[in-house]
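Here chain A shows up in two complexes: once beside chain B, once beside chain C.
After this line comes the complex of A and B, so read on.
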């Protein structure tokens, strides 16, 4: 019998067997239902974020229009509505009233992996007072319980539940034959145990992977199309590698020739350790070895610095002008205005905050480095990282966004601060020149480079279990 | 019991669960202690900064603001609840209600989404799985080996056999749970075991005992109903995955879909719009405040605000604060109501998943649930309002209207202000609001008991003699 005919026979037989097994049919059906629900959930979330981004952008336009109207009215002789929000003052126009909201659009595959996008801010209000502490505000109004639990999205389904479906489909792939006494018969044919297991698992893997990938593609189509093919490919490769890891692991355990119950216990134990326990344990270890200094320190430092700064404003202003000649443009009034003095104090507080943040970020980097060092222990961690990164909802994209917002805030200050120092008034004519935030989003190449490492590690794990399974199955003979 | 002792894998698992539990207790304790220490220290610094303010104009103090920290409940190390996901500090200032900032989770890595290993999560998530592995074969293996028939022939009643299996599996579960419980008690006791902790620890012990007892009963029940150990195990693991892994996320997402909350941007825009409608207390030409002025002028029979017996600027500030606080609070209450509706969906879902029930009860009793976070917010807001209005009263009574800005009030006033303290919601009230969860927990024990009582005679005898 030619190899491919055997393969086809096994496949046809597998389909019949699978359809005859009621619990498995139920499990597959349930998984399909959950898949549909997870997708719907992800699409709804992505739409919500798109709407929010729209609201934020509309706010920018609305504020700009209101300010322009008032400035024009003032130029035509009207009084400002209130001296505290007179848009001619640069610290009002560049302050909270004229603020610009910098927005990060949802990642292209947010519908597939919500990732960190429900936790990390995707829009910041930027004005001249934006400083490090601004990045800790503006949290969403989400119920904390929902944040803790996380969203029921496709990535969750893949990382947590798919391995269990795979294990249910394959924990007895060989042991069942053994228990029913059909193994010797099968192996008396011109086939190897390796071939039989490979054929049986290949069929099941095709079924599972096909379901998930079809779902993922459907979700992508619903949520905005295939604008990011690189990300989609990365996503699919990660799903396939992760799924195969669990199938092959099951094959390996089967090759040890124990009972089906033993296989099931060991495989569930492996799932528990790799998906639940190890990530949680690495979390604990990271927290114990590199504890993050409490962020409450930061806000206290800010308070202390601002109390102190207010009393030394003139001195601070002199120093500021020495350090930032570009801001002064040589037109500083001999008698510094209140605005200039206040700005000097604000700037001193910001510098102090940056010092504290720098220390915090260094400690956090150590913690992340530790997590990275040990992530290869858990395929679930690796898969989660690739899936969220490919979706554009991982930590890295949000960090890049924050960095760009920080730069934008600096840009914004450079626009308004010289006028504050020179005690100038603003007019409607400068409005078209005010800075606008433009995101330089990561490219597919950036994502592939970053996600390449965890994906390669995941591939390494797959190779490792494959070698184990191949050797183990090679030893299986029908006679014992 | 015997089965476990013979089984090296079982012993390994028992060791693993116990080790994880103890590591979780120690790790959580370490984290909670340093966090609590920091918050206490910073609250002391902030309190001192407040008292040490120089002579100041009250309105400047209003804008300067004040900072309060959420004190963690003493049992937060056992079950941190939603603490990391809610803000830890709140900046209190005039004219606005800030949201709590600095939720720890935002500074952690994405790993945190895999869940934290806490004593509570070991007990509620991992121990049930351990019970399943320890007890899945309790009846079905006896049947497979033909021992069931033998036992029945020797005169043991099915009830006795099942009771024995329940006790045996329960003993193994207790063996795994006790070290965690003892470590928790030891650590909570080593601090200052106030009346807060003792009653609550007893409550936690009762909740987790009931929850794990339910798992023992369900495990033995399914083991007695299924023909083979293999299908018992598969079925029990499916039950565990459905109840402990899938249900929490499904529940939360269904609750979120049924009662959606606005985004922060939408919420802020709504509040701003509502505030702009009533008036701006910083704008002397605002129509609302103009009519308020006329009312004061006619009440005191004077013709200008300078002649009023109090500082008009302070009055405007006080009225403005009252209005903006009311509007903020109304919107905030809408949010809280939305979150409560979501919570109610989850409590109803608790009838389907005991894990949701035990998580909810555990957080509530430990004082780390959503309502504790909301209590902090409400207490901080009450404190803020009181603080600001006291300052406005100082402005009204101690500062003259003429040359208002140049005046100061004595620094001695600052020491007269009350300090802030987090008061966790009382245990009685918290439990009274959870009658549904408590009944769900009772059902979780009663239903499998009923199943064991009804099914045992027929099933055990038929299968015992038949297979």
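After this line comes the complex of A and C, so read on.
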């Protein structure tokens, strides 16, 4: 009998069995509700992020217009509204009043995988006082694993709950046939156990994957369309691979010819270990092996450095000019203005902070490296990584954004600090030349290259369990 | 169904040649030689553990032989799994079906797996009726069926498959006398169509009534073989008990 005929026959029978099985239909209905809720959650978050980004950009324009109007008015003889917020002063124009907000737009598939977009900052107010503490004030800096786990979105549903549905649908795919006595009758026909189980699982996989992918595509459409086809394909491939891993694992366990109860226990245990225990254990190991410096220490250092800097401002300014001759044009070091002294103190605090945060960042990088090294142990970690990366909500995109904001902040300083040191006055004519943040976002090719590694590892795990299932099912002949 | 008996030179539909099966230290079947031609009903008698079910499992390819060969139409089951299963039908002691599906849906599924493709609802219902199931029972869920009704669906599956040989493992166990009689009548009809039947049973009466030959097994060996037209019910029982008490 041709394999495709067996396949079609089993699929038709599975459909009839599903239609006749009320609890199974209820379970699928519940999953569909959760799916809709997860999608709604993701879409709401993405819309919020889009609105926030719009507000931030509008703020940039409004501030620029207000400053331009005031500078023009001052040039025409008006007095500044306040001597402390006089836009002619470079430390005001380059400071909080004239700040520029650098914005990271939501990832193309944020609605499907919120990822770290609700944990890590997606906008920074950049001004001359932006320093390392600005990059450590927001976001989760304690746990690299927590950074990988977000709110109840579609990715969460896929990574954590979908395996449970898969196991509910497949834990007894063969053992049930054996227990209800239909296996002998089935295998007395010219078919193999491998073929029948594969067809049964294919039906269930089509059902589950079909629901998730339909939901994902609906979510993508709701959240703005199919502008990133590469990412969508990557997302779908990760979902299919991860789902198949659990189905095939269930087939492998079934091939051991134990009872349905035994299969259920082993498979739920596997879920617990692979989805919950191993990721948590890797996280604990990362924390123990590479502990992060205390956040309190960071704050204390900042305060101490700030106090010390205030007391030693003149000395610090001299040293600063020595270190940054490019900033020193027109500055008379022995008669510094208040702005120059303040900047010298600020710079000293920044340098001390860089030492502390550098250590923090190094430890965190070690933690992430450890998690990456052992992620192949958990298909959940691998799937999560691919899904968030494909969605544009993974840590790599945020890290790239932060790096670009750092560079932009440096550029901003280089624009304003010489004027501060020289105690120059700014005019409206300089405004068109002030730096503007332009994000060089990652391309689909970048994402595919990066996510290809965890996806390949996930594929490797799938191949491994497939081999086990194929060998095990090949031994099933129909009699105990 | 095959309608003519195997001609001269044709291999027997079912044949065991020195067929043996060992499970660890236990010799479940020891060098069984057996040949069943078209239109024959061969009944294997013997106590539990005599090797009857093992013989059937070997013909089905459910277990691999430790020695010898199980042949279906001259083809070795071990090397021609699919081809031999196309020619075989199997009815276990308990025909277990998908309880949430109707008899008709079960028949359609197993007949399709057996290689018969889509036979159409009317044709399948006719087969169920030929197998003795009432027409209005065909669309009822199997969970409402008695054991006898399930056995009839099992027969219908064999009929739909047009199997050349039928393997029955204690098929009348637990059936009431009326259902057993109906079952025997069905086997008789299949035999008349040229089907070779190998039936493992404890039921001496049914073996005498239905079978053309009986073989008595003990400790995995065939200890004697008799034609049912050679002996009466009482003789069969006496011979059986004699061998059991040796």
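Simple rule for what comes next: the second predicted complex is superposed on the first by the 461 of 480 C-alpha atoms of A that agree within 3 Å, B and C clash if a C-alpha of one lies under 4 Å from a C-alpha of the other, contacts with A are read in each partner's own complex, and residues count from 1 in each chain.
The rule is simple: contacts are C-beta pairs under 8 Å (C-beta built on N, C-alpha and C of every residue); 3 or more make two chains touch, one makes a residue touch a chain.
Here the structure is a predicted model, which is why all the values come from computation and not from measurement.
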Chain B versus chain C as contact partner of A:477, first or second or both or neither:
second
Once the shared chain is lined up, is A:9 touching chain B (first), chain C (second), both, or neither of them?
second
Chain B versus chain C as contact partner of A:189, first or second or both or neither:
second
Under the stated touch criterion, which partner chain does A:34 make contact with: chain B (first), chain C (second), both, or neither?
first
Per-residue contact with chain A, leading partner among chain C and chain B
B
The shared contact residues of chain A with chain B and chain C are none
Residue ranges of chain A touching chain C (in the complex, touch as defined)
1, 5-6, 9-10, 12-13, 16-17, 20-21, 180-182, 184-191, 477-479
Spell out the residues on chain C that touch chain A in their complex, using ranges where they run on.
57, 60-64, 81-83, 85-86, 88-90, 92, 94-101, 105, 109-110, 112-115, 117, 141, 154, 157, 161, 167
Under the definition above, what is the set of chain A residues touching chain B in their complex?
23, 27, 34, 37, 41, 44, 48, 51-52, 55-56, 59, 81-82, 84-85, 101, 115-116, 119-120, 123, 136-152, 156, 160-161, 164, 168, 172, 259-261, 264-266, 268-269, 272, 276-277, 279-284, 286-288, 291-292, 294-300, 303-304, 307, 360, 364, 367-368, 371, 380-381, 384-385, 388, 394-395
Where on chain B does chain A make contact in their complex?
9, 13, 16, 20, 23-24, 27, 30-31, 34-35, 38-39, 42, 45-46, 49, 67, 69, 82, 84-89, 91, 98-99, 101-117, 121, 125-126, 129, 133, 137, 229-231, 233-235, 237-238, 241, 245-246, 248-253, 255-257, 260-267, 269, 280, 282-285, 335, 339, 342-343, 346, 370, 373
